[in-house]
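Per-chain residue numbering starts at 1, and chain names A, B, C, D and E are given in the order in which the chains are listed.
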Amino acid sequence: MSTWRVGWLIARKDLRIEWRSRVITNQVLPFAFVTMVIFGIALDANTDVLELVAPGLVWLATMFSLLLLVQRAFSVEADDGALDAMRVAGVDARGIFLGKAIGLVVQLLVLEVLLLCAAMVLYGETIRLDGVVLLVTTMVSATCGLAAVGTLYGGLAAGSKGRETLLPLLTLPAVAPVLIGATRAVESALGTGVAELSEGWQWVSLLTVFAVVFGVGGALAFGPLIDE
Amino acid sequence: MTTLDPKPTDTPSDGGTVTPSRSTGTNATRVIGIAAAVAMAWLVLFALVISPADVNQGESVRLLYIHVPTIWVAYLSFVVTAVASGIYLFTKKHSLGWDRLAGASAEFGVAFVGLTLIVGSLWGRLTWGVFWQWDARLTTTALLFVAYIGYLAVRRLGGSHQQRAKRSAVVGLLSVLLIPLVHWSVVIWRSLHQTASIANTEGDIKMDGTMLFTLFVGVVAFSLLYVWLVMHRTRAMAMEDMLEDRGLDVALAERRAEGAGR
Amino acid sequence: MSAAAPSEPPAASAVASDGSGPVVELRDVVATLGNFPALSGTTMHVDQGEIVLLRGPNGAGKTTLLRLCAGLVPVVRGTATILGHDLTVDRERVRPHVGLLGHQNGLYADLTVGENVRFWGSTVGATTIEIESAMERMGVADRLESVPVSKLSAGQKRRTALAALVARRARLWLLDEPHAGLDQRARDELDEILTQASQSGATVLVASHELDRAESLATRTIDLIAGHAGSESDR
Amino acid sequence: MSTWRVGWLIARKDLRIEWRSRVITNQVLPFAFVTMVIFGIALDANTDVLELVAPGLVWLATMFSLLLLVQRAFSVEADDGALDAMRVAGVDARGIFLGKAIGLVVQLLVLEVLLLCAAMVLYGETIRLDGVVLLVTTMVSATCGLAAVGTLYGGLAAGSKGRETLLPLLTLPAVAPVLIGATRAVESALGTGVAELSEGWQWVSLLTVFAVVFGVGGALAFGPLIDE
Amino acid sequence: MSAAAPSEPPAASAVASDGSGPVVELRDVVATLGNFPALSGTTMHVDQGEIVLLRGPNGAGKTTLLRLCAGLVPVVRGTATILGHDLTVDRERVRPHVGLLGHQNGLYADLTVGENVRFWGSTVGATTIEIESAMERMGVADRLESVPVSKLSAGQKRRTALAALVARRARLWLLDEPHAGLDQRARDELDEILTQASQSGATVLVASHELDRAESLATRTIDLIAGHAGSESDR
């Protein structure tokens, strides 16, 4: 059974479970939405500040949603010992990593598109046509990075008690670079502040490096991590 | 609910087809429906033709006649939800009718708040130049919207009808507390949204008599629409519940047959 | 509210709270899980002091029946009377006298065996002596007492749950596959506890697939098929 | 068994479990801390703005931690059917509510004190001596409100699938008033912006009303909610 | 990597991958859970085609032993050789041929029975026919096939897990209290499946407390006491 085929099987299963339970549309999305609104409240309706940090807030909301999604993706595996069963069955660990990460990427992308739409309305952003390519590239590479980190630490925390809280602790600092890079790149794409398009592409390369490092590192480390 | 119809349980074939009435309309709803339609037409006439444009806002002020009535009717529907939830919880009978009223009312409340949000942001685009401002009233309105989406999510949690009713009644009773927050948010914050310009005549919209009357027509029209919609929806929900009970008869027959087959 | 003040299992006279009616009386009871009628019109009655074995294939509705008697699953149609109280109206009056061992153990993984049993004992007002002796009998006293439940084996967890149940001195015992996972010694001990309880006036309802053992324990057997009670057999 | 005694038993058990697993100190606290740092990054380390919005951020972090704590408090009960067992044993529902809420209050208070210290270090807040009484009162009343809401909705969501995500959806809008009120009161206490001390006390009364409403409402509603 | 390409259970010749050595060979194996030596120096060996019953009181280490053989619990001291491979070094070579049914079922609650069994079947490369026939045999084919696992009864879940296991056609079957929760029909079916598997060359290791049934199934019994293998008895 090749790594790719295992990945495909697992991603399909995960997406099917998500499709059945509709957790994204019914719950994660409203949650991300509330998060953004709550930020608005906490920042005291200080419009100037908000506009400045809007791209940041979108990614922040994405990150909190990432935590929810990862937690769910792995509680599905740990609840009835399915992860153990995979290990016994000798399912290729890289395949598991790949499959879970693909499932997350798909879910996150859906979420980000919707959040970005919300942000455009809520925070009064507008998209320049020449920024669209940059925007899309940023989203894809940032999402891959987030999914890789999430899968890696999700697998590490899965099954250990108190995983609800271990996961954010591990994930949030690790994705901080993504938060910064993606925020800057989106700022360039949207033309918020003084950012230049070309500057945005530099950030994208950082994001890509991050995604590749965590993707490859995660795939290699996943086996030993979930084993034993 | 079990007293709908003394249908024997061993004839599953006609399950679900026999309903006491095929439509959710009655004479009362028809009258209210017609009244709502007339009021709407009247509203259109006043809002678009008769009432004057505003000195500051120009023609865009006509959005007021949707914007304000919808949010007020939304308040009304959430209050109705809360009252019906309360009656459900605190009467001995725990009648599901009140629960359905609460649910139906909340559904349209959410729809009306949605409408307020949409119309408000369009209006904002016209007057402020942006769709959204981090203004206290806007933010709290959004929260109200989300809170009742949560309420509807609780209604969909599953379980028995009574269970659904109990859970959602609690949420419905507590969520209504957000309304004062929305209403007084302008006072609480230093806000740029319109302060109460109807109660006291300060503010940058000068309410002349025609405008006030048009607003009044709007409130009446949307209230009638709300009543009409809720009456239909509660009946539809009653039928849904009833169909589920019919479904239970069918399922029971199947289950017993499964036993006999062994 | 306290389950029973005296330290002995409730005397026969105290049990039949409403004259001498049956302890469990179900009439055409329907109960649904989701939309599925797990109980499809069950009629049965159990008298005080009986040990009744519930038999039936997987999915017949045994667990649902026991949970219904414990007030965890609502009665959709029909009437269920437990210890003289109608379940749909007077659930609160019934519960203090009912003890349930379900598929789950209801233990806190981070607390030790002793802390768990004591917590459950104290919520129903059992005395320290009762609690200690329950742990003793189920063989979780000495070494295991200070071990966190998360470190127990499956059978040890089950024993702990049983100890917490025994400490309750219920008047109606509802046991869902109580033997599963227990070793021989614990099985024998459990059977003895149940026989003693029934002799001192408690009523026991056991669902089990281990027919050899359960049948020799029970005084009567009820077969559950597709959600309704089929044939009965005395012994 | 009186309501108070049941509450005490349950609170003691919950705190003991928390003490054993050290989830607060090892995981929630770092999480809240990371959240605050991330806000700093998202706000682009603009110190003036940061100092202004610090009280809001402290409460925001508290609220997200509340979600974690509530989730854990109820997964402890739901994991092995303990909540069912309590219902069967006829344990007084108001007692359960009380006990879980007390447990949460204690944990939240510990957390808030530490977060406040963090804010003083990170965002450069200072505490006026005459504001201390106001500050403490605010914290206590706000915390009681938060704990009441958390317990109520935690109980409602417990055991239903997708509870990880239903909980924030219900809780965040409900505690928004606390967020606003507590932020304002703390602003007065710290003298951030133009706030007056006396204004702070008005907010405290609002918080107290909130806590009482949700406390009493929750205690009454909890039984029906967890039953069936 | 695929478990076994042919649709028949592995033939005897294919099994003893390294000549004809024992399938399971443990020498003074120590395994710890936390700091507790759940296995305290176990020595045992199982030959190909045997059905061995592991007996022992609660907490003796049966579950730990089975999980160790499946590579889920590390070997701390001693040597464990499974199917001719040393577990500490070659775990990856062993796993495709081992099937474990633990205390948990390893099923996805939101997927249907059919989807679950097919998922687990396809991860080990079983054919559709094998998967269907496994479901058929465990009685979860027809009506249950499209029911989500979350809606099954305890026994129905167990049967589903068994179907997923049967579809694997492992060379070493590790079963932890497989009978618990199954009804009579499923028990008989399971025993038949195990006997057939052993006849066609597979090896079976069963931990069980249901001695009557398990003893008549097994060809040999090993008693586990406090983490080490005590007396053995042939039959």
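Annotations for the structure displayed:
The working rule: a contact is a pair of C-beta atoms (placed from the backbone, for glycine too) under 8 Å apart; a residue touches a chain by one contact, two chains touch by 3 or more.
Keep in mind the model is a prediction, meaning the values are calculated, not measured.
No other pair of chains has as many C-beta pairs in contact as A-D.
The chain with its CA mean position farthest from that of chain E is B. Chain A and chain C, compared by their mean Cα positions, are separated by 47 Å. Computed from the mean C-alpha positions, the centre of chain C lies at a distance of 38 Å from the centre of chain D. Multi-chain contact residues of chain E (touching two or more other chains) are listed as 103, 109-110. Chain B has residues 143, 146, 149-150, 153, 158, 160, 162-163 in contact with two or more other chains. Residue positions of chain D touching 2 or more other chains, listed in rising order: 21, 161, 166, 169, 172-173, 176, 180, 227-228. Listed in rising order, the residues of chain A touching chain D in the complex are 21, 23, 26-28, 30-31, 34-35, 38-39, 41-44, 46, 49, 52-53, 56-57, 59-60, 63-64, 68, 71-72, 75, 161-162, 164-166, 168-169, 172-173, 176, 179-180, 183.
Interface residues of chain C, counted against chain D in their complex, comprise 1-2, 70-72, 74, 91-92, 95-96, 98-100, 102-111, 115, 119-120, 122-125, 148, 168.
Chain contact summary for the complex, chain D toward chain B: residues 152, 156, 160, 166, 169-170, 172-174, 176-177, 180, 213-214, 217, 221, 224-225, 227-228. Within the complex formed with chain B, the residues of chain A that make contact are 26-27, 30, 33-34, 37, 40-41, 43, 45-47, 50, 121-124. Interface residues of chain C facing chain E in the complex, by the touch rule stated above, are 33-34, 36, 56-59, 63, 103, 151-156, 158-159, 177, 179-187, 209-212.
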